[in-house]
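In structure tokens below, several structures.
Below, subunit A partners subunit B and then partners subunit C, in two separate complexes.
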Partner chain A sequence: MSAYNLASLAFLLFALAAAGFLTCGSLVRMLMFLELMLNAANIALVALNPLPASQAYAVMIFAIAAAEAGVGLAILITLSANFKTLQAGNIKELKG
Partner chain B sequence: MIAAAVYFFGAVAALATLLMLFQREPVKAAMLMLTALLATAGIYLALSAQLLAALQIILYAGAIMTLFIVALTVLPQAWRDHPEKKPFLKVLGLAAAAIILTELVKVSAVLKTVLRSTDFSETGALALAQQLFGRFAFQFELLSLVILASIVAAVALAAKRRPA
Partner chain C sequence: MEGNYYHLLKWILAAPLAGFLLNGLFGKKFLGERGGGIVGALAIFISFVFAALSFSDLLNLPAENRLLRDTLFNWISAGTFGVDAAFRFDPLSAVMALIVTGVSFLIHVYSIGYMKGDAGYNRYFAYLNLFVFFMLALVLADNPLVMFVGWEGVGLCSYLLIGFWYEDPEKATAGKKAFITNRVGDAGFLIGLMLLSAIMASKGVFALDFETLRANAPLLSSVTVLSIGAPTLICLLLFFGATGKSAQFPLYVWLPDAMAGPTPVSALIHAATMVTAGVYMLARLSFLYELAPKALEVVMLVGCFTAFFAAVIGLAQKDIKKVLAYSTVSQLGYMFMAAGAGAYAASVFHLATHAFFKALLFLGAGSVIHGLSGEQDLFKMGGLRKEMPITFVLVAVGWLAIAGVPGLSGFYSKDLILEKVFEHGGKFVWAVGVITAALTAFYTTRLFVLAFLRGKRGHGHAHESPLSMTLPMAALALLALAGGFLLKDRLFVFLDPAFIPAAHTPEAARLMLISVGAGLTGIIAAFLLTLPAPAAALKAALPRAHSLVFHKFYVDELYGLLILKPLRYTADKVLFALVDAGLIDGLLVNGTAKVSYSAGKALAKAQNGRLDVYALVFALGVAAMLYWII
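On to the complex of A and B.
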């Protein structure tokens, strides 16, 4: 098993999640695909380097992902209260 | 054997993500995401990163998935999220993903010569803790600030505005 194969696996997962992020219109789903993209980056980090340092980075990315999910969902709650929709295409107005 | 396990779990994760793309029910999409996250934990196990596998299950499959399910429950708009059937858009998205994948694989062609040793050395909790509290102690402490900021932001965003 070469590092190339492992990297390709992580890239495949990242590309599929990116496809989902680009095509789905719902904001909740976009956040889900965003988490999966972070997850794929984490796989690449762990798979490409056997040293404990890379796993330490992966643990830090876990924390970042959790923080990101929390803030993202809070933003979604605010958006749904203000716009009554969670479709990205329907949110067109800015408040200036 | 280890390679077979990595490829199996990778295939499960990829399949779950692909099915998630075409799933119209939001809760079923969340369950497919859970499958992908658990398969990732399997990859970590196969790569001898046991602590990371446990953290993946606890943090991603536990905490973050719960957050998504709660969000789907409390947001009535999320239930009405049935995307219109636009197969053209999906094909376009998959084509974009294929381009991203080709580019990434092409760039990483230098890795072909690098062999990932198959005798994976186990990284225990002690080795990880020595990194997190030794070499990366400053970054680790900064992370707690990031999480504190995200808590404050989440509360400030989601709390109901009281009239002054």
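On to the complex of A and C.
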């Protein structure tokens, strides 16, 4: 596959994930869309730059994605315990 | 630099300053009452000795070269402009320094007895020493700036001493009145000085010492400011400062109130020394005033009016110290009259004799007040000659001296002033002067009769004052007796080597007879009119006039209405309500707080706690940024 196709794939994946992130109401799904966006970024990183450094960055982004998933899921568990819901639209009290 | 360098001058000033520091810092704790009084008086005595030593050295110099100078350090140095902290000792300074230190010493000794047992004893002597220090700085200054430091310093000490018993709000207010009234005059003085130095600098003269000013004063004549000749304007502004310090119309109102201070203070500051600063300033800057005949005319007219006006007010006052205060204002008017007529030596002569007899009268009044445990109302005195025989005799000397009885000091100086005014000022001013002389004789005689002669009107027993009070009075009485006779020609030759004692013309003799006659008329009239029956009849015949005079022509009330009330109104309604409360507090201080508060409140709405909205805004923001970048 050419770099052009790979970039298109990354772009499409990112755009779809972002659209899903913005439109779906469930926090669990939003978290999953976030992961997808990270993966799209990873594809772009690996595909468009052959330097070893950028390949290494891709591995670091896996780590960050894993950490993000851990923290995000922990937050979701607390939220569901406190608000009895995981719909973003129903949680309105997180404000100053 | 002209003049001989002379290192003793600084010590004339250092002694009172040391006395001030000793009494001010360690007085209450270490010196106590006895030590404080002795240190205070001793400091002035040392200063007097140094002044006398300098004086004798000055006399040893040839007459046309009598000038000693002492420079401490370079005070102001700005580019080519420079002013030194320097002092000078010439005949005029010498006379003033000797009067200041001499009379101050006597009054310090008197104060030791008078202030006995006062809670602020050491504070009193500290202030009094500080006053002498500043007064000496004023008279010994070699340039107008050092003079101004002394000028302000004596004002400060005057304020501190008038409000010495600050627990009494009335006395504290009198202190404030004196200070603020003086500030008005000082503003004029300061503007005059600035104008003087600015014009001098524009003519390429960058030093301000009196010798340089004297040499370059004619340069001023070619300059006009505000379409008035520069010398006239400067002289008028400086004279406005003098009307504040020397209690002339229109700024004399503070002096009668200044009588709230301890009586020795009234004698020293508000009769003998500080209030004469204006006269001294005029004599010192006479070379400037010579260039401004119009300003001299104003000086003479103001002096003449003040002399008469204050004497009239003095006629009907009840308070023994108020009578003397108005008398002081009136006598200062005489001095300005003389200065305005160009007879500076005569005004300094009257300054000297007035310092003697008025200090004596004030100390006598203090002795009476002391003896009567604080009574100041003349109508509650009477018959004190038996209970206070020494004070009686000494005050009698002061009374005769101020009334202008021939042979005593007041006669010589007042007569000379009237003669000079007749020569240079015209008949009208002279006539007012003669009438004022009669009035002066009248009110002092009235005071004397009411306090010492006739029957006793008050209750309670009076006692004679201690020796520490009567001795200084005796010394002043000697000076008041013989001072005029001894000083008259010597002083003039000393002040002005070119002076030739004028042969007394028949004209002068006639003038003298008239003024002596006026004085005697005043005395006799006072003896008659203080008898209860004529006094009551007079009061009944002229109730309006009496009330007008008794209430001091309502000048204080007039000032209150014309100046204070608008000022208070502006301060309250405009400056306080509008500027302070409205603009500063409302708009600036609270306004800033309100703006950030409501901004926070508005922005808090954006943080609505909905994650999906945040995400949308975030995405839109990123999109906008990308659009901007690409």
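By definition in this document, the second predicted complex is superposed on the first by the 91 of 96 C-alpha atoms of A that agree within 3 Å, B and C clash if a C-alpha of one lies under 4 Å from a C-alpha of the other, contacts with A are read in each partner's own complex, and residues count from 1 in each chain.
Here is the rule we go by: contacts are C-beta pairs under 8 Å (C-beta built on N, C-alpha and C of every residue); 3 or more make two chains touch, one makes a residue touch a chain.
Being a predicted model, the structure only gives us computed values, none of them experimental.
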item: When both partners are placed on the shared chain, which of subunit B and subunit C touches more of subunit A; value: B
item: First (subunit B), second (subunit C), both or neither touched by A:30; value: second
item: Which of subunit B and subunit C A:86 touches, first, second, both or neither; value: first
item: Contacts of A:55 with subunit B and subunit C, given as first, second, both or neither; value: first
item: Which of subunit B and subunit C A:47 touches, first, second, both or neither; value: first
item: First (subunit B), second (subunit C), both or neither touched by A:13; value: first
item: Partner chain in contact with A:4 - subunit B first, subunit C second, else both or neither; value: first
item: Contacts of A:22 with subunit B and subunit C, given as first, second, both or neither; value: both
item: Residues of subunit A contacting subunit B in one complex and subunit C in the other; value: 18, 22, 25
item: Touching residues on subunit A, where the partner in the complex is subunit B; value: 1-9, 11-20, 22-26, 28-29, 31-33, 35-36, 39, 42-43, 46-48, 50, 52-53, 55-56, 58-60, 62-71, 73-78, 80, 84-87
item: In the complex, subunit A residues that touch subunit C; value: 18, 21-22, 25, 27, 30, 88-89, 91-96
item: Touching residues (chain side subunit B, partner subunit A) in the complex; value: 2-3, 6-7, 10, 13-14, 17-18, 20-21, 26, 29-30, 33, 36-37, 40, 43-44, 47, 49, 51-52, 55-56, 59-60, 63-64, 67-68, 70-72, 74-78, 81, 83, 89-90, 92-94, 96-98, 100-101, 104-105, 108-109, 111-112, 114-118, 120-121, 123, 127-128, 130-132, 135-136, 139-140, 143, 146-147, 149-151, 153-155, 157-158
item: Partner subunit A, residues of subunit C touching it in the complex; value: 604, 607-612, 615-616, 619
